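After this come two complexes, each holding chain A, first together with chain B and then together with chain C.
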Partner chain A sequence: MTCVPATTEKSLGLVIDLDSCVGCQACVTSCKEWNTGGHMAPLTDLKPYDGGVDGVWFNRVHTYEQTTDAGSRTVHFPRSCLHCAEPACVTVCPTGASYKRESDGIVLVNEDKCIGCKLCSWACPYGAREFDTDVGVMKKCTLCVDRIYNENLPEADRVPACVAACPTSARHFGDLADPLSPVSQLVEARGGVPLMPELGYRPTNRYLPPRAKKSNAVTSGAPPLSDASPAGGFLGWVDRLLSA
Partner chain B sequence: MHPAYSVIFFTTATGAGYGLIALLGLLAAFGLVQPDLWFGFTSFGLASCLIAAGLLSSTGHLGHPERAWRAFSQWRSSWLSREGVAAVLTFVPIGLLVLGWVVLGRSGGWVAAVGILTALCAAITVSSTAMIYASLKPIAQWHSRFTLPGYLLYSATSGLVLLSAIMQAFGRPSAAWMIAAILFTLASWGWKLATWRHNDGAGMAADLNSATGLAGGTVRSVEWPHTEQNYLMKEMGFRVARKHQQKLRTIVQLAAFALPAGLLLIDLLFGGGISTLLASLAVVSQLSGLLVERWLFFAEAKHTITLYYGLA
Partner chain C sequence: METSPYIADRVAKTTCYMCACRCGIDVHIRDGKVRYINGNKDHPVNRGVLCGKGSAGIMQHYSPARLRKPLLRSGPRGSGEFREIEWEEALGIATERLARIRHTDPKKLAFFTGRDQSQSLTGWWATKFGTPNFAAHGGFCSVNMAAAGLYTVGGAFWEFGEPDWDRTKYFLLFGVAEDHDSNPIKIGLGKLKARGAKIVSVNPCRTGYNAIADEWIGIRPGTDGLFVLALIHELLRAGRVDIEYLVRYTNAHLLVIQNPGAADDGLFVRDAEGHPLCWDKSANAPARGDASTETPALSGEFEIGGRRCVPAFQLLAQRYLDESYSPDAVAEKCGVPAETIRRTAAELAHVAFEQAIELPVAWTDTAGRRHATMKGRPIAMHAMRGISAHSNGFHTCRAIHLLQVLLGTVDVPGGWRYKPPFPKPVPPGAKPAGKDGGKPDTPLSGSPLGFVTAPEDLLIGDDGKPVRIDKAYSWDAPLAAHGMMHTVIRNATRGDPYHIDTLFMYMANMAWNSSMNTAETMSMLTEKDNDGNYKIPFIIYSDAYYSETVPFADLVLPDTTYLERHDCISLLDRPISHADGPGDAIRHPVVQPDRDVRPFQSVLIDLGARLKLPGFVNEDGTAKYKDYADYIVNHERSPGIGPLAGWRGVFGEKHGRGERNPSQLQRYIENGGFWHHEFDVDQRYYKMANKSYLEAAVGMGFIAKAEPIRFELYSETLQRFRLAGQGHGAVVPPPSQRKRIEAHFDPLPIWYPPFEEAAIVERDYPLHALTQRPMHMYHSWGSQNAWLRQITSQNRLFVHHRLAAKLGFADDDWVWVESVNGRVKGQIRLVDGVEENTVWTWNAIGKRNGSWALKENAAEHTRGFLLNHAIGDLLPPDETGRRYSNSDPVTGQAAWFDLRVRIRKCMPEEAGFTSPQFKKLPLPPGISPSPSKLSFGAQFKQKVLAR
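Up next, the complex of A and B:
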């Protein structure tokens, strides 16, 4: 059914730290590598070695410049499915292919039921869904549902591929419905925010804003460089002699 | 939004078809036209062809058209599914109306009841189509109070203009229906102008600050995640050049509203021998204009995903 469950037992999701993300794209490639063989496989690539390259990705990292009174800063911004509590992408689905799981809140697509009408991608304000023109069905982030419960993996690896890959620990995975979970406490401590809350989709994922710049930043204390063409003194005499 | 030709044809054709069939239902229900085999056969045939062609065309943009039957299942939550169910259910009163009014030549009683039911079902189907778009919050130009009345108005208008032409062709010119067609065409024109004015001021459903969670100051896209256009940019980032937009808006006003209203007015006042020709030209002009109107409806719609790419 494409009616959304009133409550879910858990609200699994991601917390993304915009202060630590360095825009290295490791989460992007790791996501692609895992998922092109995972639940929604394949993540089709079209013309990969040609002009007009295109393909399905579940995770994309943008780069923005934020300018405030305190100055400008560069912010790398990973964008993926937020596994909303009110996912309009699910309710607009005419076939029941899109659904939100009652057990953990993950939003998934049943590829065998999808007719490829693309309406769900129109209904998502975040651009989380990408149409696979090769297979003719809609694809989206599965929160690595085939990793997080996978008993064939060591317990430490039972996290989404993007979280496992992040070299700066900017990505965190957990139950955001549980106020005592590490991710909930991180959101609490850092003032994590939902994206476009005014649209009413109630996204599960949270973004941690960059920390304020330090006004008492460390200075290097190195002396200023000496003049390259001094007018007087010994160096001035050498300079004049060699310039002649 | 990317304008898919199948969807543009679908919404325009079914709009006109359901408009015409709703009017035929009301004509039959209130005995405004005497039952007639050939008039009924032609008018119901034309309306049904428009509806059937539109519905078939709507499967044209699907990735898996062979699974389209699944779209009838989620009417509890999805306007697209409701539209499909309503479209199929509407064929029941249409069939009964054709049997009673056209084939058996009856009016009143149960024929009047299915006439009203036909009009009601047609209105519900067109409303469901409109709500598919009106319910999408990421697109400010669609998620507005102008969308639903617009779809109903353009459907009724194109139905009325079609009806006027058919009545002329069968030698039953009715000044009342032609005046109604002219007034509805002018009302549609006014509604479209008001919609464009609203849309031009509507902007985006959100801004890049709230889209990225970066509060305060200005946020500017400096680098995309990819160098080439992806699905999101092709589907949601479709942009029509401003100069074309203005030209297309002029074409819509001329073809869909000004010309049909003028042709029908000339027909009304001086029709005579060429009245069927004039009314038919009004139909062709209006339907062509509405196709351009529908193309603009998609092309002018701005999705919040364009914020992320700095294209809004």
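Up next, the complex of A and C:
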């Protein structure tokens, strides 16, 4: 059993806009590419060129079809660690390998302490943990802790790899504990939601729900087209327009 | 813990090649290895973002399928048996063969390249070699879009134009699944979402971009043209078109001769100097139509020189106001409710005319009129392969451009904008060269590809037979501006129109996903004549990877990866400009090859010198260019115009036009691998008639004269061919082809059912079958990528729930997809987001066993399938028994998406694996079996600890 801090100074996390995610997988492969050489390197791939290929990924995008009274829609849903305020994956860890940082709330794994018991992956309801069978330790999203403070990177690049790559600007990074931060304000403005809050783990990440499909249409007031009723016969209106 | 780990020894900025989008990338290199690739923040194409493919570039660069050394076939063709040879031997074999061809009959060399980005070099090489048989892959990709655009508005979707993402309020997207182009569309959609603009997608499949649209119109494949013409019907009916715009920028007012049955019917009335005429209402007299007449008649009937004539606009309006184009008349064919069509038209009119915008930017048009502001109608459109890959795609694309123009939305604020060097005159000036078929040891008089405007320009002999092996620019496909690579293998095998000696290809997987009718194509590549000789005697192929086509080559020239080479993304070729100004870019070797491979373009230049082609050698016969990099800097296509436009002039002080600059590549590298010039604000819109822009464009060498570019809504070019189809003129089609020419060369956009649909019995093949390209895969390249194939290694056939219920299918069932051409087996996935009479799958996931260094149980060849097996390369016979290529009759564009199928559940014992299957390919010598584990990146972590 590992303790989590009662509070953290910051709650760094992601805000993911389901209204503009096109499911392009940029966040998925940019994450893989950064992290396979990063803090938890490598993100091992087994049978990489054969059947049954199985690799470690910190971020995956799933595509669902959702049918409601308003009709059916296709939703692309990126899934990664939510860096919960009350992470069960940490509290179940028997060795203290899993931990939540007091400074920024990021949930990490100390590989030196991980015994590969997988209790954390059983405890996480979001499926965010990835066991590297080759190395024998549990791995997970680090929120690119080796990028966001990295002084070897230009300041503008100190964001998670997935956020930097996202072509539709569907991913945002910041401090969700600060109500004035751009991400908090975005959540406020767009009605951002935590994932499965009823489970009580208090995820930090937020998802912005798809906007109602018609409400933002600039043309909702477009009147139906009526006949130009050309007086004087065919194309009369053209000449009227030109001579006007 | 270490939160500031060391990342890289250096960051090299170059250009991505994980698809055709050509984004700027920052390649982080450590200990000579690629650590990480991210988007270049300063780059005008991607502004720092990078897609799912680009972010997996490391795995492409380190692919186990990379070729390692030149290969010479040692077993039967197709067996994949090779021996490694040295480059000197390989180039010697190629030179000896090509020299003999050039000295006897240069057209016996068919030189076709695939998805390369060096067509300005390859086309020039073919010109100097003297063969008319050259093209790139455009004929089976998107020539319908390019040709329809260039013959209508002097630009085209994607490379020659883009939506005004920052200002549009209403975005209409036709037939786009993913790239063409990738990141710019994604960035643009993000902007539209942020501003609350409305996105309407017209597409049978609701994936990707279409999934986030405000409105998805799940249209029946191949009916987009009818849908668009019904929108036009509605706008005309309501008088909601931009008359002032039409008069100023189009040929709507030109007078068309009405003389049915005569040789001048449908042509413009011209004065003695050949200027087209209009009717000036103020003067009540004819006037020059290419001058700025403010009050031309758009309707009415006139008589000039004894000839009856009417304005083109009247013909246009009469046609589309006809009830056959009304929403009610087309709704069922399109699978779109009439009410949706009416509402869409009303929305377009509302945004165009009630929500018009204005930029406080003064500008002057080519008639000398000063405008205080730039007026904009904020409707933008984009269209790509869903329109292009049908046999009616040329006319459908023209219909979309017509819709844009009627609304006054081309190159206005909020509309669809040209990307320099476009617009160009409609169509661009150069005609295809090689009419004489090429002469021994003689270059062609110009590029083998160009734009015909009359039957006299066709590449046909006096007997009417095609000059080119692919039959481009013949009566089969008169406006085949990109050639017809998809017909080459069949035509060369049949000797129709003649036999060739050598087929030389680059980077085109013609023995698999780039050909229709794949199985037969493979057998044609190995077909022998009665003497036991291959019908295509010799095949040279250059590729970086072990694709399905490599085993069919006699000589393999291994290329480098995109990180190991020089390239130029040239304005002479396929530009990457932004609407605000031109740009170009380079690739440069950011890591060195660890294999005995050479960049194809350098090899081609070397071959050019060995063959002593004019332009490739100095007067003393020595090679003019050391390699491609040397060519990029020192080649001039015309005085002051070279492959790169940036930092020309001795001191790098000139842009566009200027002397050679020996430091040019260094300047590009210092600037992040690209050059981008921003036009002044008053040059950025109305480029077709913007005096300041056009003068700047002349200065940069984009166009010859600063004259206005008039949109050809009514195409006199098409009418000239139609008249030939009616038997008029000196060059006419043979009688058996006249009806086809007459029917499809309508001067105004038309719609007709896709050819395959028209030829089959609908109840036998009741479904449409399509492919889409996944956002994370680019054609066949993705499957060798250890990361990308984890996202998709088996493609499913997507079937609507209701269709499945009707047919008694359950999710995960295995089915046969059967067409008149063949059948293929795959596994279904039930969905809601597809038009109900359409099934579709991801393109080119299915692979041949043994290719791409994939292993025995890879899902790509056990369970993934290639729909191409069901797509015919020929149409069913017409009434004369003739079988045309399965292509658009105007441009020769391959009609991939015309496919009609039925699906049938497999027998239980047939489930679980795909069919057809082909003999497993052996790995070529020198290529090791792929690893069973990848721990890429572990080396960088160890280094962290060590430091």
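Throughout what follows, the second predicted complex is superposed on the first by the 213 of 244 C-alpha atoms of A that agree within 3 Å, B and C clash if a C-alpha of one lies under 4 Å from a C-alpha of the other, contacts with A are read in each partner's own complex, and residues count from 1 in each chain.
As a working rule, a contact is a pair of C-beta atoms (placed from the backbone, for glycine too) under 8 Å apart; a residue touches a chain by one contact, two chains touch by 3 or more.
Here the structure is a predicted model, which is why all the values come from computation and not from measurement.
S.K.: In the overlay, answer first, second, both or neither for which of chain B and chain C A:Gly52 touches.
M.R.: It touches chain B and chain C both.
S.K.: Would you check which partner chain A:Ile115 touches, where first means chain B only, second means chain C only, and both and neither mean what they say?
M.R.: first
S.K.: Of the partners chain B and chain C, which touch A:Cys3 in the superposed model: first, second, both, neither?
M.R.: Touch partner of A:Cys3: chain B, not chain C.
S.K.: Applying the touch criterion given at the start, work out whether A:Lys213 contacts chain B, chain C, both or neither, answering first, second, both or neither.
M.R.: Once the two structures are laid over each other on A, A:Lys213 reaches chain C alone.
S.K.: What is the contact status of A:Val75 with respect to chain B (first) and chain C (second): first, second, both, or neither?
M.R.: A:Val75: touches chain B and chain C.
S.K.: In the superposed arrangement, does A:Thr67 touch chain B (first), chain C (second), both or neither?
M.R.: In the superposition, A:Thr67 contacts both chain B and chain C.
S.K.: Please work out whether A:Asn152 is in contact with chain B alone, chain C alone, both, or neither, and reply first, second, both or neither.
M.R.: second
S.K.: Which parts of chain A are in contact with chain B and also with chain C?
M.R.: Touching chain B and chain C on chain A: residues 25, 28, 51-55, 57, 63, 65, 67, 74-75, 210.
S.K.: Quick one: which bits of chain C touch chain A in the complex? Just the residue numbers, please.
M.R.: Those residues of chain C that touch chain A are 1-7, 35-39, 41, 46, 48-58, 64, 169-170, 178, 182-183, 186-187, 189-190, 193-194, 196-198, 206-212, 214-215, 234-235, 237-240, 243, 247, 281, 295-300, 313-314, 317-318, 342-343, 345-347, 349-351, 355, 775-776, 784, 786-791, 793, 831-833, 853-859, 862, 930-941.
S.K.: Can you check the complex and tell me which residues of chain A touch chain C?
M.R.: For this pair, the touching residues of chain A are 17, 19-26, 28-30, 32-39, 41-55, 57, 63, 65, 67, 72-76, 108, 134, 145-146, 148-153, 156-157, 161, 164-170, 210, 213-214, 216-219, 221-228, 230, 234-235, 237-239, 241-243.
S.K.: Touching chain A in the complex: which residues of chain B?
M.R.: It comes out as residues 1, 61-65, 67-68, 70-74, 76-81, 84, 132, 135-139, 205-206, 208, 210-232, 235-236, 303-305, 308-309.
S.K.: Under the touch definition given earlier, write down the residues of chain A that touch chain B in their complex.
M.R.: Touching chain B from chain A are residues 1-4, 18, 25, 28, 51-57, 60-69, 74-75, 77, 79, 88, 90-97, 113-119, 121-127, 130-133, 135-138, 193-201, 207, 209-210.
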